Structure formats: structure tokens, C-alpha cells
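Below you'll find a set of structures to go through.
In the two complexes that follow, subunit A is the common piece, with subunit B as its partner first and subunit C second.
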Partner chain A sequence: MISISLNFIRRRRLTIEVRQRISLGLHVSILLGALFFGIGVCIAILLGRGVELSSIYEEFIVFTFFDSAGISSVIVESIPLVLVGLAAAVAFRVNFWNIGIEGQMFMGAIGASVVALFDIGPEILRLPIMFIFAAIFGIFWASGPAILKVRLNVNEVISTLLLNYIAYYFVLNQLFGPWKDPRDKFPHGEQYDIAERLPAIGWEQVHYGVAVAAFSFIVVWWIIERSRFGISSRFVGVNPKMALAVGLPVSTIVAGSAMASGSIAGAAGFVIAAATEYRLTFTMAAGYGFSGIVIAFLAGNRPITTVIVAFLMGSLFVAGESMKVFYSLPDALVGLIQAIIVLSVTASEFFVRYRLRLASFGDT
Partner chain B sequence: MEFLTNWLAFMPVFAAPLVLAALGLIINERAGILNLGAEGIMLCGALIGIISYIELGESSALGFIFGSLAGVILGFVFGFLVVVLRTNQVVTGITFVILGSGLTGLMGIPWVNKAVSGITPIYIPHLTDIPIIGRFLFGQDILVYVTIIFVVFVWLFLYRTRTGLELRAVGENPQAADANGINVEAYRLLAATIGGAFIGLSGAYLALAMAKIFVLDMTQGRGWIAIALVIFARWMPWRAIIGGALFGGIEALIPRLKATGVPIPQYYLEMAPYLATLAVLIYAALRLRSGQDAPKALGIPYVREDRK
Partner chain C sequence: MRKALEFQGVHKSFGQNSALVDAFFSAHWGEVHALLGENGAGKSTLMNIASGLYAPDKGLVKISDKPVIIDGPQAANDFGVGMIHQHFKLVENMTVLENIVLAHGQGGWRKSLQRVRKQISDISNEIGFDIDPDAQVNTLSVSEQQRTEIIKVLIGGAKILILDEPTAVLTDEESTGLLDQLQIFAEQGKCIILITHKLREVFSHANRVTVMRGGKTIDSGQSPKNLTPEKLSKLMVGEPTEISRISYSPPKETVLELNGIFSKRDNGHTALDNFNLKLNAGQVYGLAGVGGNGQTELAEILMGVRSMNSGEFILSGTPLTNPSPSRVRALGLTCVPAERYIYGLAGDLSVMDNCVITHLKSGQFGTFFWTNRRAINKETKQAIIDSEIHGAEPSTRARLLSGGNAQKLVLARELAGSATVLLAHSPTRGLDVRACTAVHEALRKSASNGTAVLLLSEDLDEIFAISDQIGVINNGRLVGEFNSPADRSKIGHLMVSHH
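Right after this comes the complex of A and B.
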């Protein structure tokens, strides 16, 4: 029963009931209703900023889905998004709120850049070594909060977030100092050699980051949906106390998931450094942390839906990018749209779980 | 000596916003609400504070009032989402951070990077001129002193009033509170709203007293530091002052050290507050019996219909 301020309805009051079950049709229509509501709010905001309705349609639908160049840029944009979405999903499944994806991406990019800068390994193996270094650096950055969480119960939301700032300032320190580009003296890393860049696959600008994303997806899918670890982690996520009581190694599963999350975030840093920027930059991770959270949340932490949502989010990124250029809208636009959609979807879950009913007094 | 005087004089300016935000969060968390969106609410408070200041005749008081009103609105919306619609508190909180950053980024363009004169420190003849501690104790702006009064008020409210007792009961054991006829949802909504006011005020302080300018994403993680501060303060208002002084001291040290030309790389200095926060979190976790101070129902939604 909601008793706040709803009692004024004469002789009647609004009560809420827990739904015992919900039909698929109703569930889907509630979700769609929430999405339309959120998208409607976003369109209203864009219209308020002087963007024309027709160009919203052009940018978000026509250009991103019905145009070869457009769809390829959506795919390129969604490669890191698939990775950060998977990274978030792996951790969120065990209720480890990894907010530190951006920091772990920076670490991944630092790992890849160390290999590229010091020419570690033969050229033919350079990219795989960069990938492995990136994953290990990502694991390293996630391991601190993971251990603090399972050993000392330190809130991982705060610890991972603080490590974002620490990684960011470390990158700034390197880029304004020892790793400054020796050629143009700009605060970005030295450009990678050809052997250190992910090559194009030969269709539009799509590059072999697609393979990294596909590989990560298959591994994550297998671990989550098929392996014993995945089933245990689902148990830990749903009911940690029960999982502990039946003898599952809860700490190991939580810490393991957190580190796996860090490794995927590190891989995302590697992909951006080796396929888009061709160097270490201090802007490369901006916005990806929250995007990963949004994608995993909307996808319900399942690998397959994560890929689909990441693709849709990729189109938002591409359309948002051209919107920013044409209408001089701020960088914060994409984040704002994401936030509004997340809030409407998360609020709509109330109507999935509960039913509102107008009850007369005397009813029980 | 000069160094010490300056450092002490500037420390409260850095400490006050952290203490204010921590106070708001303590009220939230004492009622069982975990508001991770502090960073976003602070940003909105900062922007609204600057807008009101510039547009309403350069009055800092109006800036602070409207800044806290922005916090009230956002705190209420947050409370409505997590209390009435029972959304996930972590997801909603993180989303509020981005929401705050997005809203201020989109709406704030005409007021960004406009320097204001803001609030000025008080000056009391003789007292302010006392060596070393004069400016520290008697040369701050009004809001620093008001912050200390707020700390006392919040402590009195939580520990010396019936409403405060009931609010804490809601955060400790909502089932028992409900059984005693306390309206759990109303208390939590109230706590989220009042807490939001403090957080919004803290943002307005950042813009009008500390930075005297609004810059995009100017909070720089201070909302998160305040969340950690609450854990360090063990949810007790007066201990928030100690934590605020600690972090304010570190932040005030950074520009002073830069000025003296001590050979520490700049970006390692900038890192210091975050490293210190991490250290404080670990210290709080290592303390014996820590965690027992946290409100028992912190972050756990209460749904009467779901009761077993």
C-alpha cells in the first residue's frame, strides 16, 4: 500500500499488489512503452535545442541503418561498446558494480602501448602480445577493488570509481611527460607502427576489432551460459547467502568475475588504441564506462542481448556524433540520452512487478 | 610560516562542500537510502547556483538558495524512483551522475566559464589579523560557519528529536518501524529530499565560493569523495567535519605545493585526493567492528508487500 498523499482520493485508495505472473505481451508492452517514453523525452529535448524532427529521423534511422557507410560506422562504433557491455555484464551478474571500466580501459591501452613503444616480441606476434598485455593490465586494475571487496567488504562502486581518476591522471602524467609524442610534441602517445595497428577487413572502415569483440563474446557466452562457473555465478548473483551455505566459493567467483570484467575492459582499451586512435590518448575512454553499464543493464546481463543493445547504442553514438557537429550540441548529449532511457526503463520495472489497483475502504 | 597561514586559511573552503554533501548523504543513508548520484546533484546545484547568481543581481544568498532547491528537486525525484518505484539504488544513483553531467552540459552553455566574484570572506578587525590561525578561524565566508551550525542541527535532529529517531529506525529496521506505525516510505522520501538540499547547496558552494566559476564537470569526483567520507565518518555528523578537514587539507595543499615549486609531478599531486580517499576507505574497513556502524537497511528497499 502506498499511503503517501494518495489517501485524499475519497473513500478509495490506490493499492499495489505483487504480480504473481505477467504475460509476455504485457511485459513487452510495458518495456516498449518505457522506451517510447524515454525516446519521446529525448526528442523533446533535441527539438527544444532547435534540432528539426526530420533531421533526427535522418540521422538516427536512415543514415545509421539504411546506408552502407552509415552501418559500417555503426559497427565500428559498436566494437568497443560490445566489449564494455560484456565487461559490465560479467561483473554485474555477481552484483559486483564495476564502475571502473574507464580506468581499466586506460590500463589496457597503457599495456598495449608499452608493447608498442618498446617493440616487445616479433612483429608478426605484436598484436596478440598487445592484446594479452591489455587484458593483464585490465585484470591488474580490477584486482585491487575485487580483493578489497571480498576480503574487507570495501564498497567496490567507490573504489573502482576512484581508480578511474587515478588511471586518468597517470595517463596525463605519462602523456605530458615521458610518453609525449616525440614528433609533434602533442600530449598524446607516439603513433603505433603498421604492425601494431588492427588492420581493416576490407569493407568500409570496419577493422579486425570485430574479431576481438566476436572472440570475447564467444568466450563470455560460453562461460556464462555453458560452464559450471557461469551457473555458480548466476547462483551467487541471485542469492549469495544461499550460495555460501551450499558451499560455493563465493569470494573466488566474485573476485574472478570482477577480474574477468577488468580483462574485457582492458581489451576494449586495446581495440580503441590499436584500431581507432593508433596511440594512447587521454580522451579515449570518455563515456565508455557509463555506456557499458547502460548496455549491460538494458541487456539484462546476458551476452547475446548485450551485443544487440551495443549495436543500437553504436547507432546512438554515430548519430549523436553528427548531431554534435551539425547543431553544436555538447559532448554530454549521448550520456543524457542514455540516462533518460535507463531511468524510464528502470522505473517501468515497477509496473512489471506490481499492479496498481483502486480499492475501496473495507477491502482487504 | 606564510605557507602554513595560507594553507590553514584555504582549508575550510575546500572542506565545507565536502562536509555539506556528506551531511546530506548521512541524512539519506540514516534512512536507508544509498544515493550514489551525489556527484550529479552537486553539478546541478553548482550550475543553478551560478545561473541564479548571474541572473538575479549577483546575490550569493539567492545562488545558494536556488542551488539547494535544485538539490531538493533532484533529491525528491531520486527518492521517488527508489522509494516509490523501487528502482535499483546503485543503477539509479550512477545514472543520476550522468544525468547531472548531461543536463548541466546541455543547459549550461551560456553560463559556462564565466567568472563571478561570488561570496567574500568576512573580516573582523584584530581577530582576522591574528598570526597563523587568524584567517583560518575568523576569515572565512559565512557559509563555512553556517556549515558548522548545520552539522550541529543535523546531529540534534537525528539524535535529539523523535522525528530523527524514527528516521534512523527506518534505516536500521524498516519492518519494525513499519510495525510501530512509522510511514517508512514517507520518511525515506523526506530524507532523500532534505539530503538533496544539502548536496545541492554543496554544489552551489563549489561554484560560488570555491571556484567562483562554473566549469563543465567541475565537481571532479567530490560527490564520490563525500560518499567515502560518510563511511569514514561512520554516519555521524560531527565526524564528517574531521573527514572534511582531512580531505580539505589535502586539496588545499595541492595549489600551495604547486606554488612553492616542490619537485613533485603535477599529475601525481592531482591524484592525491583520490588516493587518500582510497586509503581512508581501506582504513575504515580495517577498523575493528567497522561495518557495524552502517545503517542495517542501507541500500535495501523496503516493500511491505514483499515481506516474508
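Right after this comes the complex of A and C.
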């Protein structure tokens, strides 16, 4: 009756199974394993380029983490990354895929620049006013897609993405036009006055942007982890149907989270304009939107892990920069190293979800 | 008779949970073999091994007395094993023909379409199934979809047909028709394995029966003729179940009134057709009916997630027109939904979060700006103890709870505070006997506390066990109403007769 016949067989093979649960220890070991794997691949690539093992160790570990100048530049690098990471996490956890972080950063920087340009408010309050304007402009830029999403179910991926371009070209328009620097006629904004710049805290080049990041982190942590809004938003993210059925204000939570995301992105724009560039430029937001997405994803959209991942990402950037300078490695190689490490950690998610097991067939 | 499919010493576990422990089974050619057991007894797991979906951890599978390795659905198909799953494996927005070609097409798509179209009409004629090969699957009724699945496995050349609870979704008439057809297949020499938990089907249509309990084979290969229903149910559940009957008590004030509700399904068909209902405080009202007769739409309208086309909806004396879920809840309606992990729980969140989410507004767990984690933790711990939710800590993810314990969690949350109306939609679906009893006790208790309980269920035993008043829904209409104790055969007839 059956055409295929097999004799007595004994065979073993690997099978993939869904994990029912995972212990914290195993989860952490998997992540660390992936990290070391990625680092191992990077070391192999660098060795292939003729960089010595000892100098890799010195650049990546010693000069990045155990050196005052190194660790401080990691912190400076991490400040905007923490902000964009938080911005992405706040939106992603209610399934609002905010791809428009860069646009919202530009708007934040525009808001800050308006205050700086027109000298709004007394000098002593200038920076807080710039911060508030930046946040409001960021909210403004996120509110369109947010309202369209909850009212008309317009896909926010498209609307936020396209608003990036509108913000970018608006900045270009201003910088080549009315806001062109009157001193050198270059297409960047007029330099901020001293009162409009975030001052240094007095350790290496670390500036008060660190306070903005810390403040944002505390507010986000409090809202997400401790407020009623935070608990409700967890349900909106994990099971929107249930959230609606048990009477949670789903639209308000989604729109509110999207606008909170916009405000944090605006704050990131403010920090870069007021602490690094001291003016509005059209290159200031480049790449930050996508860094934010990656950071939030790796951090599982949680505030504390977002800060940790942003810090590690910042150190990767710093180490990469010095590799570029001291070993004349091409830009692409630095990007490759960053990508390999991020990809390894991302891919390790597979082992968090599944287990591999040896199963045997035909075995009595 | 030769053996068709045989298992020896099969083990299978998922994580820490053993689904099968040294299970054995053997079915012959030319018979209808019933595989009987409660939910979670391991029936489906065992048969999923035969259909190549799961690999056993250990054990031997034989087809026609030869050891085989079934390492995928394609291999199962090559060995002549065809399984019709409880949840059909059909692509909803494709036609019947396309679905079958997708599974068993050979060579070019266009050529396959032609060949399979002919096969469908041949097989349809042969076995008397009337199915339009060009109908899109999501326009078909459940029983038509099931026929599509049967034709699919037959075209695939299946000689061993495994059906996983095929009658769970059918009316009595459709069930009888299907089971008769299966007997004909068996007479033609095929091996039919019928996974079921209905004793009636075993006695009426099976040649032999295997009973499983807790992942083990309890009794293998007896003829039902040598068994009594009592013996068989004892083998199945391991302990006698008793059903208490409720005597009718006079009604108190009306808390929920539905008058002339009309509602359309998403596909435009009428779901509720001039539906009326009156619910009184302190009673359990059992609304009996075969699934798909408007119960889901009724539940969704009451929950506030579906709008009705016309009619009156009066809750706690307040007339409502398409209220929001939060409005309905504010008026005291709580709900134990049919799909636990869709409307009832967020599986990826903790027991603690799930336990208090509907009570945050009350203010007992801190203010809007600062929730009191300690109070939530304490309340959850209390609920776990009071409702006997096993295997749960406040921080456990809700998805890790077993069906019964997850349902206890939903009940604990929905019954906390004072509900005016509790809507319970198939609250014991998929639960074992012990969990069922716990759920029933909770529902009775809340009724005695003055809540009006509306029980929507397909399970007559359940309806009879706890209802004060029984209504029958058929084709979107209330076709009968009885006070307990009621005549079971009359209600059964109203459920299935044509209206």
C-alpha cells in the first residue's frame, strides 16, 4: 500500500523548538555570547587589515573606557543617542513606528534657533526657553502623523518618513535663504550667543546636554514604569484589541506616546544645536533617526536598557573614530565593524526565542 | 487486518512540560479508530507527530508495520498520511482550487490547476460533496471549509485520514453526515483516526477506541461494544463527574435589556436578527446555541467593540447607542471573553499587570501619576490565593499559565469589585474538568452576590449545570426561553433545527 519502505532506522538530528520561558542568566549569557562573537569577527577583520591585536585592545578597551578623555567623549557621543533611543522606545512600545525622528530633531533645532535668533526671553532663561521650544516643535511635527493614525488609520511609517524630507528641505530653504550666516555667507545658521550654548560641566568636553539626557530618562522611566499611563500603554503595545475591550483610551495613549516621542527627538535636536554645533546646520540630524531605531530595538524599548545600549553604541562610535584617525582605516570599515556587532546582537534574539535540541527518530 | 499506523514508546515534551509519556497506539486498515481524551491529554500531539509537524523526542513510528521517519508534512503526505486539523490550514483569500494546488500541485501552476480541477470534481461526485472549486475560502461556511480540507488530503493520496475534533464546529446533522462519510471511507479500506472527546461519536461510529489521559495511553484498541459510556468516561477523566441542577428562583430587577437588535457580520450576512433578551440581577442566564449563530457578535456588541445596526441596548437603566468599551464598563458590565488571549489577557505581560488593569481607575492602586506597585503586588498575591491560580507569581508572564489558570485569572479580575452584569462567553472551552468546576462555582457565586451572569455556551452540560434560566439562540434569533430545570431534548432540538 505504501510505496516507500524503510528498514529499521536510527537517526539523530537537530530540531528547533520554541522556548516556553528563559531564565535571566541564560538570556544575558546569550547576549554576551553574541557580543563576543561579533567582536571576534571584527578582530579577525582588523587583523586582516594589519592592525595589531595589542592596538585593537588599547583602542577599544583602554582608550575608550579607562581613559578620562576617552570615557568623556563616549559620554558626549552618547547624549544624543540616549535621547533618540528614548524617543524611538516611547513610540515603539505602543506600536507607533516613528521613522520621523530626524525630522522631529530638525524641528527641535529650528525651535531652539528661533529663540536664539530672535533673543526671546531674558538671557538667564534663554536655554530653558530654547529647550521648551524645541520640545514643542518636536511635538508639533509628530502630532500630524499621530492624529492621522488614530483618526484615519493612516500608516505612520509613511507619514513620519516623508515628514523627514519636508523638515530637511525646510531647513535647507532657511539656511540658503533668510537664516544664512550673515558673517561668512555659508549655508548654516548664525552662531548662537554664549548664553544660548549649553555650557561645559567642567570635566573634559562633557556639557550640560548630559543633564537634558538624564532629565529625559528620568521622566520617561517614571511615565513608563510607574505612572498609570505607562501600565496602560504596555497593554496597548502588547495587545491593542484587549486594551480597547477593557476600556483603555487607546487612541489617546497612542497619540500621546507619539507626541512624547516627538518632544524627546526635539530635545535631541536642541542638544546638538546648542552643545555641539552652536547653530542650525543641515547635517546635524544625519543618521540619528536610524541609530535611535536600532538602540530602541536592542534595548527592548525599556528606558534603562536604552541608556545602556546607547552608551555602548556611543563607545563603538568613539573607538571607530579613533581607528579611523590613527590607523587610517576607511570609513566603510568602521561602519562595517559597527554593523557586525549590532547584527550579531540582533541575531542572537533567535536563540532567546528558540532552543536547539538533538532528537532521535526510530529509537525505541 | 493489517496495522496501518502504529506508535511505540513515544515521548514528546515542550520545555518542561511532557505532552507524551511512553504513548502507544495502533490503528488498522479499514476501521474508524477513535482517539478519545480530555483537552490536553496528548491526542493532537500524537497525531501531529504522524502528520510530520512534530518530531518525537523518542519512540518508534510504523506505517504498515514498517518503521518510518516522518520528518515533515511532505514526508507524511508521501507515506499517505493526511490530517485535517482543528484550525483549518487554508489560505483564506485564495480559492478552493488554488488552496489544493498549493498543497498538491505538480509541475506548472496552470497545468496543475487543470488537473486538480478535474480531480476535485471527480472526488466530489464520488463522495457526494458539493463544492465550488472557484469559491474563495473565506466565503465558505465552516463545514464547506472542512470538506475542502478532506478533498485536499484525498487528492494528496491520503490513505490514513486523521481528523482532529472534526465535529466541534458542525451542527448535529452535519456531524452525522461527516461521520457516515468517514465510515464509508473505512469500508473502502482506508484507515480513519478520529480525535474526539465526544462519547456519543465513539459509540455510534467507531470500530475501536484508544483512550489517552495526561500524555499516556490508558486503554488501547478496545471495541466500544465491550464498553459502557460510564466505563469510557471514567477511563477518560479518571474520576466521576457530577452535574448539579439549579432550581429556578424568582427574578429580581432587570439590569440588561436588549430589544430588537439587528447586526451584520463583516461579510454582510445577518448575525443578529431582531434579537431580544432580558437579564435580571442575581441569575445565571444560559444562552445555548451552536457556535456561529450570532453569539460572537452579541458578545462584541455588549463589550462595546462592535456597533449594532439597530435596536435598543439598555444597561443598568441607561439606554445606550453603540457605547464605547469604557462606557459599558463604567455601567458595571464585565466580561470573560471566548478568546482568552485576544480580549481577556495580554500574554506577554505579567500576571500582576493583567490582574489590575481594569481597576486602575478606581484609585485603589495609587494615583494617576504614581501607581502603588506594592498594593498591586499584594492584591495580585491575594487573588492568586483566593482563586487558586496555580503556577503563578505576580511577575509570571500570563502566557505561561495553563488554560484553566489563565481563565481563573480573568475571572478573578472581572469579578473583583461589583459587577452588575458578567458576560461569560464559552468560559470553560479548552479547560479540564477540575478547572471547569472552579469556573462554574465562581459564576454561581457571583450570581448569588447579585450579579446578572450571561453565559454564552455551546456546551449543553455547562448550560444545564449552572443556569437559572435558559435561552436558545439560533440564526441570530432568540428561539426559545425556559426556566430551569428544562427539557434537554427540546433545547437541543431548538439549537439545531432550521429557523
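In this section, the second predicted complex is superposed on the first by the 293 of 364 C-alpha atoms of A that agree within 3 Å, B and C clash if a C-alpha of one lies under 4 Å from a C-alpha of the other, contacts with A are read in each partner's own complex, and residues count from 1 in each chain.
Basically, contacts are C-beta pairs under 8 Å (C-beta built on N, C-alpha and C of every residue); 3 or more make two chains touch, one makes a residue touch a chain.
Please read all numbers here as calculations on a predicted model, not as lab measurements.
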Message: Just checking: does A:Arg228 make contact with subunit B only, subunit C only, both, or neither of them? Give me first, second, both or neither.
response: second
Message: I'd like to know which partner A:Ile129 touches here: subunit B for first, subunit C for second, both or neither.
response: neither
Message: Going by the contact rule set out at the top, does A:Glu17 touch subunit B (first), subunit C (second), both, or neither?
response: both
Message: Quick check on the superposed pair: does A:Asn239 touch subunit B, subunit C, both, or neither? Answer first, second, both or neither.
response: second
Message: Once chain A of both complexes is superposed, is A:Leu162 in touch with subunit B (first), subunit C (second), both, or neither?
response: first
Task: Identify the partner contact of A:Leu329: answer first if only subunit B is touched, second if only subunit C is, both if each is, neither if none is.
output: first
- prompt: Which positions of subunit A sit in both the subunit B and the subunit C interface?
  reply: 1-2, 4, 17-18
Field: subunit C partner contacts - residues on subunit A that touch it in the complex
entry: 1-2, 4-9, 11, 13, 15, 17-21, 226-232, 234-235, 238-239, 241-249, 359-364
Message: Can you tell me which positions in subunit B touch subunit A when the two form their complex?
response: 36, 81, 84-88, 90-92, 94-99, 101-106, 109, 183, 185-186, 189, 216, 220-221, 224, 227-228, 231, 265-268, 270-271, 274-275, 277-278, 281-282, 285-286, 291, 304-306
Query: Which of the residues in subunit C come into contact with subunit A in the complex?
result: 8-9, 14-17, 29, 55-61, 63-64, 66-69, 71, 78-80, 159, 303-305, 324-330, 335, 337, 341-349, 353, 357-358, 360, 366-371, 373, 397, 400
Task: Please name which positions on subunit A make contact with subunit B in the complex.
output: 1-4, 16-18, 45, 49, 97, 99, 148, 152-155, 157-159, 161-163, 165-166, 169-170, 172-173, 176-177, 290, 293, 297, 329-333, 335-340, 342-343, 346-347, 349-350, 353-354
